[in-house]
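Take a look at the structures below.
In what comes next, chain A is part of two complexes: it sits with chain B in the first one and with chain C in the second one.
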Partner chain A sequence: MIAERPQGALARLTLLYPAAVLLVFFVIPFGIMLAVSFFRREPGGFYLVEFSLANYGNLFTALFARVLAFSLLISAFCALLCVAAGFPFTYLLTRMPRRRQVVWLVILVSVLSLSAVIVAFAWSIMLSQTAGVSNLFVRLGLLDRPQSWSPGFWALTCGMCYVAFPYTVLVLYPPLARLDPHLPEAARTLGASPLVTFFTVIVGSLRSAIVAALVMVFAFNLGTYLIPQILGKPQHWTLSVLITDEAIYRSNLPLAAAMAVFFMGVSLALVGMAMLGGRRRPGGAA
Partner chain B sequence: MSRALRGLFLGAVLIFLLSPIVVVGGVSLNAKKALYFPPKGVSLAWYAELFGEPEWLLPIANSLAVALLSSLGAISIALPLSYALWRYRVFYARALLLLGIAPFMLPPVITALGFLAFWATVGLYGTMAATVVSHAVFFVTLPLVTLSLGFESIDREIVEAAQVLGADNREVFRSIVFPMIRSYLVSGFAFAFVLSLNEYIVAYMVAGFTVETLPIKIFNALRYGYTPVMAAVTIVFVLLAALVFGLIGRFGDLPRLMGALTPESRAS
Partner chain C sequence: MPGLFLDKIEKRFGGVVAVRDVTLEVPHGRLVCFLGPSGCGKTTLLRMIAGLERPSRGRILLDGEDITDQPAHRRRFGMVFQSLALFPHLTVAENIAYSLRIRNVPAAERRRRSEELLELVRLPGYGGRGVSQLSGGQRQRVAIARALAIEPRLFLLDEPLSALDAKLREEMQLELRLLQQRLGITTILVTHDQREAMTMADWIVVMGTDNRVHQTGTPLEIYRRPADAFVAGFIGTSNLLPGRLGEDGRVTVGRVTLRVEALPAGALPGGAVTLSVRPEEIPVLPGETAGENHLPGRVTFVRDVGSSVEIHLDCGGMAIVSASTPKNRPALRQGDAATAVLPPAACVVLAA
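Here is the complex of A and B:
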């Protein structure tokens, strides 16, 4: 059954067809986008084939810099929150009996699969004046009257973390599931309290997995597009919003492409740096 | 962690994950066109509007068509590719696997913009074909990963035994390989289908003004003000996802799939 190379027309087709589809519909679009970032804008159309570096020159406006900085900051902040909560959660999850694990995983995957439109809508209701949690606080006597907490920075944070948390758990699940269960047991036998065991033995032995998760969730957050538009104010819009705006509403595809290429470069560089930093740290098990 | 602390923490996570859905579920039942929680009066009128008005039925039909066709398309790429990866040792098969995973790893707006530039260039911008093919490529990662896992779980000795007993390739595939990968095929299809139903930015970029899918419709409707119909859509989406993933959890191996769906484990 195991052959070194495919033989016969049908066997060759099993590789040729997927290769052709991915080449035509993924590699070529990507190449076109790269090329378009060097082309000129055609008013009312898409682009004119004419080489220029103008798009990259036009990139560095104060608005672009501010939006880029905010995108990086909010993505990093939410990644930090999600990993801080997600790591102990995933640890507990991997120690549960299988049936309960499956129930939790169904909840997490269902939330993760939800459209960002729906998540943002749900959180804007959750933080609204008529239906939101502030009503609960009024009933508990913590507030005088219900308040609207959306849109705003914290509403955006809630929405982004709501999507990123299940993702964080999925990223952390494999390394934590592989963790030798004898390790914490040994620490407990030697007299460490459960909390001390958790912070020294478990966090310590999975340091590089934590760094990897931070990077992954950060990169995932950078893609957020809809949530800032619904739960944030205009000053909270991210680079993804700016790029789409440029491509669709200002119909300046070349500038949007240049932004996207730059954005990809920045995120790849940051991810690469963080990965290297995580790997070099002494004592980190891969 | 002590028992009480652990319960408190898990409870807090559960509340964080479920309370927005509970609140939206309550809002979807309001008797009047207002967003109150707890709802004022109980009515299913908003669900009736969702499944009765052409304004909502058309996006529902679009979304279902796109999700069905694109997840079938994703399977059609992923099945031969993962089969070839398992069956042949050729150098470019690994490269193809990476290529199949890449669309899902980039920030979606970048992939979406690539699709937009492509469809604008070939002149199919704004057609449903563009949405379907883009989604098929965008979500190919999911069936690719689940199917690769399925093929890995096949015991090669059984395959060899069947061959020794005189089975040809086709018979081996029909009697051994296919039954072994069936549940992974279904999971991969289900993941691609549900995510395509929920996807916004690619669908919006390649045909947002002509092929209105349900997420695009919801976002457009949000601009004109909130109505309980959107709460009803949300609940329908949540129930659908819970049903699909609940079935995978019940009949498939969700913990194993979870381990495989993250890039960290794929790299190793």
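Here is the complex of A and C:
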């Protein structure tokens, strides 16, 4: 298909608008950050406009590598959990009558509207020793005495997944709603039990949608900044925390910018690899 | 009892009745067609047989065994869906061998079977292609091959040809019927196309918008002796004339009284009836002539499409259509006086 070439001043204006938005909100800020990442730090001041690769040289510390790896891993891990839980959830949601679907979607969107601060503090109370759910488990005889589960790795996982789950469902909803309902039925008539049908036909035919959801939720999780500080121990702090620390508390803007640029590069590379992997289709080979 | 037996099947969705009290038998090796307009419940009936829908009432028996509550994946009924429902993430061969793969049949055996089936549906060498690379007719064949791969006890087809263009559809009707005859596989076909039903079926079940079965019979029985006005109108075209049954067994239509050969059982003299006469049974004579079952009138339209000629007449306010072959074409033009003859043997009297 050949797209019609826009003509006339008005048509050019309509192209100008997205270009301007992209320029003002993305290209210019990123350009400034990229530039600053090559500048020299002025202790006690801001930065000196001087080309230097020192910031990138200073990146490769054990701390930076560990925090980078942890950020990527926790984001990927939570994305995996969210999609694993969200995919069957969304599938069952799309099989419901229309009116019930709307109720569920409204509830999910209202969860999205909660601020991360509220979510994080709510979880930290729920997982605390004094007022948390462990007290309930003691009552039920499952535990001997109340325990403190926050801050910690699993508390952080709970908080991050809680924030990302509604987002995951919203990303998965359109492709699942479009799935031909005859596909699973065809599998049933061919001898597949409901569970086999789910894995071979529903998951199989929506492979690219699943990969896309994983990538988007992963990218969404990378930006987590508040939740690790409330629900995690210092070793669970993500790169966003480290960057803020560097930029605001140590006034080392050039190093913070270099960290951010490097983080973005690594994330983009991972996302690109996942997308390439998701595009390969066994049936599409010509 | 051999074959499939439906015992007083009924299906309701909420308060809406989709299938009303259907009892019928599908003998082994035959092709039975559920024919009816959209919304008559024919697809719902097929889905109940496949196990995709549960009947609200009644039983489904296969070779005497009650399978009403057997889940779809245990029935081993091959089904071809209207949308075909080919798995988009699998190749042609993987689609066909899907049922074998989930039963853990070894790969070599799967390859052999899918090649065999591709040969059967005349698509040899297409196994490696993606489903999206096929034309409509080719996809159709793949869907048929996939359903046949499970060696089905019953072959179910839900309007399988409706997505194809008219010419290809006619070809596929023959091909599918020949395949069914060769394999001797008990088949149920759902369609709204009476020509398709008459081409393919051993036995036709006509369903109406009231979600009931109106008539079952061989294609020609249904065509020649429709049970009621709905069937007469739905199968082919027919002249349906409202009339009244006289004491002498004759039927008065408008100002003319006609002799008929057969009356429906239980027809009461003085009662309202509908006369059904097929267009090809009505000869048209030029001019106004008198005689038994002669209806004088005027030609309102001539539809000459080459292979057949239709003459539309206005006989004293009644619209009558006659059809003939080009060879027997009467020399008549629009506006000419003419007489339609309704032979007594061709007049089918239906309860009004």
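We take it that the second predicted complex is superposed on the first by the 250 of 286 C-alpha atoms of A that agree within 3 Å, B and C clash if a C-alpha of one lies under 4 Å from a C-alpha of the other, contacts with A are read in each partner's own complex, and residues count from 1 in each chain.
Convention: a contact is a pair of C-beta atoms (placed from the backbone, for glycine too) under 8 Å apart; a residue touches a chain by one contact, two chains touch by 3 or more.
Note that the structure is a prediction, hence the values are computed from the model and not measured.
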Looking at A:Gly204, would you say it contacts chain B, chain C, both, or neither? Reply first, second, both or neither. second
Would you check which partner chain A:Leu13 touches, where first means chain B only, second means chain C only, and both and neither mean what they say? first
For A:Ala187, using the defined touch cut-off, is the partner it touches chain B, chain C, both, or neither? Pick first, second, both or neither. second
Return first, second, both or neither, reflecting whether A:Val196 touches chain B, chain C, both chains, or no partner chain. second
Can you tell me whether chain B or chain C touches more residues on chain A? B
For A:Ser52, is the partner it touches chain B (first), chain C (second), both, or none of the two (neither)? neither
If we overlay the two complexes on their shared chain A, which of chain B and chain C does A:Gln235 touch? Say first, second, both or neither. neither
Considering only the contact definition stated at the top, list the common interface residues of chain A for chain B and chain C. 194
Chain C contact footprint on chain A (complex, rising order): 180, 182-183, 185-194, 196-197, 200-201, 204-205, 207, 281-286
Spell out the part of chain B that touches chain A in their complex, as residue ranges. 1-2, 6, 9-10, 13-14, 16-21, 23-24, 26-27, 34-37, 76-78, 80-81, 83-84, 87-90, 92-93, 96, 99-100, 102-103, 105-110, 112-118, 120-121, 125, 133-134, 136-137, 140, 156, 159-160, 163, 169, 172, 191, 194-195, 197-201, 204-205, 208, 214-215, 218-219, 222, 226, 230-231, 233-234, 237-238, 241-242, 245-246, 248-250, 254-255, 258-259, 261-265
Residues of chain A touching chain B in the complex: 1-6, 11, 13-15, 17-19, 21-22, 25-30, 32-33, 36, 46-47, 85, 88-89, 92, 98, 101-103, 105-111, 113-119, 121-126, 128, 130-133, 135, 162, 165-166, 170-171, 173-175, 177, 194-195, 198, 209, 212-213, 216, 219, 222-223, 225-226, 230, 239-240, 243-244, 247-248, 253, 256-257, 260, 263-264, 267
Per the touch rule above, chain C residues touching chain A in the complex are 50-52, 71-79, 81-83, 85-91, 94, 98-99, 102-103, 128, 130-133, 146-147, 149-150, 156
